[in-house]
């Protein structure tokens, strides 16, 4: 009944892996609770890109065991008046800045309580103005993993910052969506779901996609199904429409990147 | 007697570290067995490069304790009819696609049994057509680490895909080899062993190497031994002939990369 | 009273993450002690850059719990006569080559004892001439974490290699410092401390900084405080003066990188 913390803390940041940021954050966690599993989701979120961080968290957090504590830091407003937050749901906890990065995860969970982190006794002191990942979020996540009740960290709030998530829009008989992100293989992950398409490849309607000056009509069920270099549609592992090319980069072929638009036309 | 699993699962993939792929795979493992040590070998195998993945696995797996489970995913044929495999040897287990990536490790181990992963109850459902690392390989590795008998995952097979491993060939008095990979420092790791060279630097025969339009005659025992910018031969940490330059990139100096050829001439 | 090892071993290297180096080092550690937490600080130290490695270690090691074993390998002299070292202080242990990489950490700790690693029974055999990270440092760190007394690894020494750490120098009324490193966000971390500046932003003296052909007079307390694209001074998370630009790269804007100079002028 409700959230019970495990000893797993995940990290999602835009810190990269070449600076000491991630290491010191891990040190700050282990200094509070040395018996914790720290799991990197990624530190390669584009710098300052809150929307990209929210997408990464959204596509990975639910694969972890119930009770996992997800620490997420993309934090261009660090040191300003933006609040540090702890979010408790039935299944997970989330720690991070109040800038929208947690909003998508909050929306997809039940029985959400959001706490403003104000109790300095759980912070690493002195708290810097530039690195709350190390000084606030890491120790709070670690104290939570040791069994501290969420209430001890600060008061609840309900006016957390929402995220301006890109939503497909219908114009006439077309659906206009956008590219959420490009993965390492050059696949274009869009914001369009199978439901938006009336569930292709099972749809009875014919569709085509206009993107990057090209028309795409082919739908594949696996990356290997297409043996040539024609781009195709596929429902990818995030449960969203992707534009892909067999063993090549659709992003490079089409000259398309994050936030670029695509048009789905139905016949 | 035979394989007994430890709680260590290693990961070798071509997923990179910027996408949520690795994180979700770790989540899928921990959801089955939260008491497992997950160790990244690398996620920087070049995209779709099965041979490079096999090389990476081959040069690292045997440094881990007996009982380690090695999960290896370079998988351009995901979603096609290529089979998912579990390999059990006297010392290790390997999980990955049947595309040759495990073949080199299989060849170097004793008492090998290869299982075709067919039992869907050990998969994460629904199984996507694009991410078997998360949906099949990760949960199977985790169930194995919990002590499930290999037999439960599917039937044994003996027709797994072999790998077209580059082998040096003798032409007249020369030996023609190739560059297996280039490491971060620009060292060229070749497919030539000390035995191929009659064990230099202890050979009594003089040798020279032709590569990238240059002739190399110097043999060093350490990277620091050569203080100038002349390339030299050295037996590296993988037990193979390398071409190196002191504190500089041999790859850049010689304009040579993976799969390029070199000629060893004996006098 | 004195050093008691925990089960935490950190890694700081210039190995990158694409080669099997880090993975095999972890395997070598786990083969000696499978019950150890291995924490990556970074493997992105610039190749062969001992000073950069020492900076990274210096800015992160003290955030870990007492008893942590810090393994640090930037080792251009591997295989030469440079000695492998184990450093024991009141709080931490450090393992790495005797080339200055540990010197800064040694200087900042109390009751330091430095051991020359000579006892081959704690090495992985055969010891290569090119990869002491795997063959010497990893197993020694692991044996230490299992409780071996530091004395067993070799004799103490007191003539370890010092580091040529860049120190600000006063010329007339100016202070000349330099950029220690550039972080992922393009912030320029300098070797100038608040004490050097008579503690700005609380100083009563006016200061300006000349760097990259620009004059910088603004001092901010957080990255978000400056909303425009003018560079500013800030005391960053390492407790040092940084030059930053709001959500942009000061390094790119100013054309400045590691070891470049800056001049602080007092009025």
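Read from first to last, the chains carry the letters A, B and C; within each, the first residue is number 1.
Basically, a residue touches a chain if its C-beta (ideal position, glycine included) is under 8 Å from a C-beta of that chain, and two chains touch if they have at least 3 such contacts.
Worth saying up front: this structure is predicted, and the values here are computed from it rather than measured.
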Looking at which chains touch which, would you call it a line, ring, star, complete or other?
complete
Fitting chain A to chain B on CA atoms, where both chains share a sequence, rotation angle to nearest 5 degrees:
120
Could you check if the interface between copies chain A and chain C is built from the same residues on both sides, meaning over half shared, or from different ones?
different
Once you find the CA centre of chain A and the CA centre of chain C, what distance in Å lies between them?
31
For chain C, residues contacting two or more additional chains
17
Residues of chain B touching chain A in their complex?
14-24, 26-28, 30-31, 34, 38, 47-48, 76-80, 82, 128-131, 134-135
Which of the residues in chain B end up touching chain C in this complex?
6-8, 10, 12, 17, 37, 39-45, 56, 59-65, 68, 181, 183-185, 221-225, 234-237, 242, 247
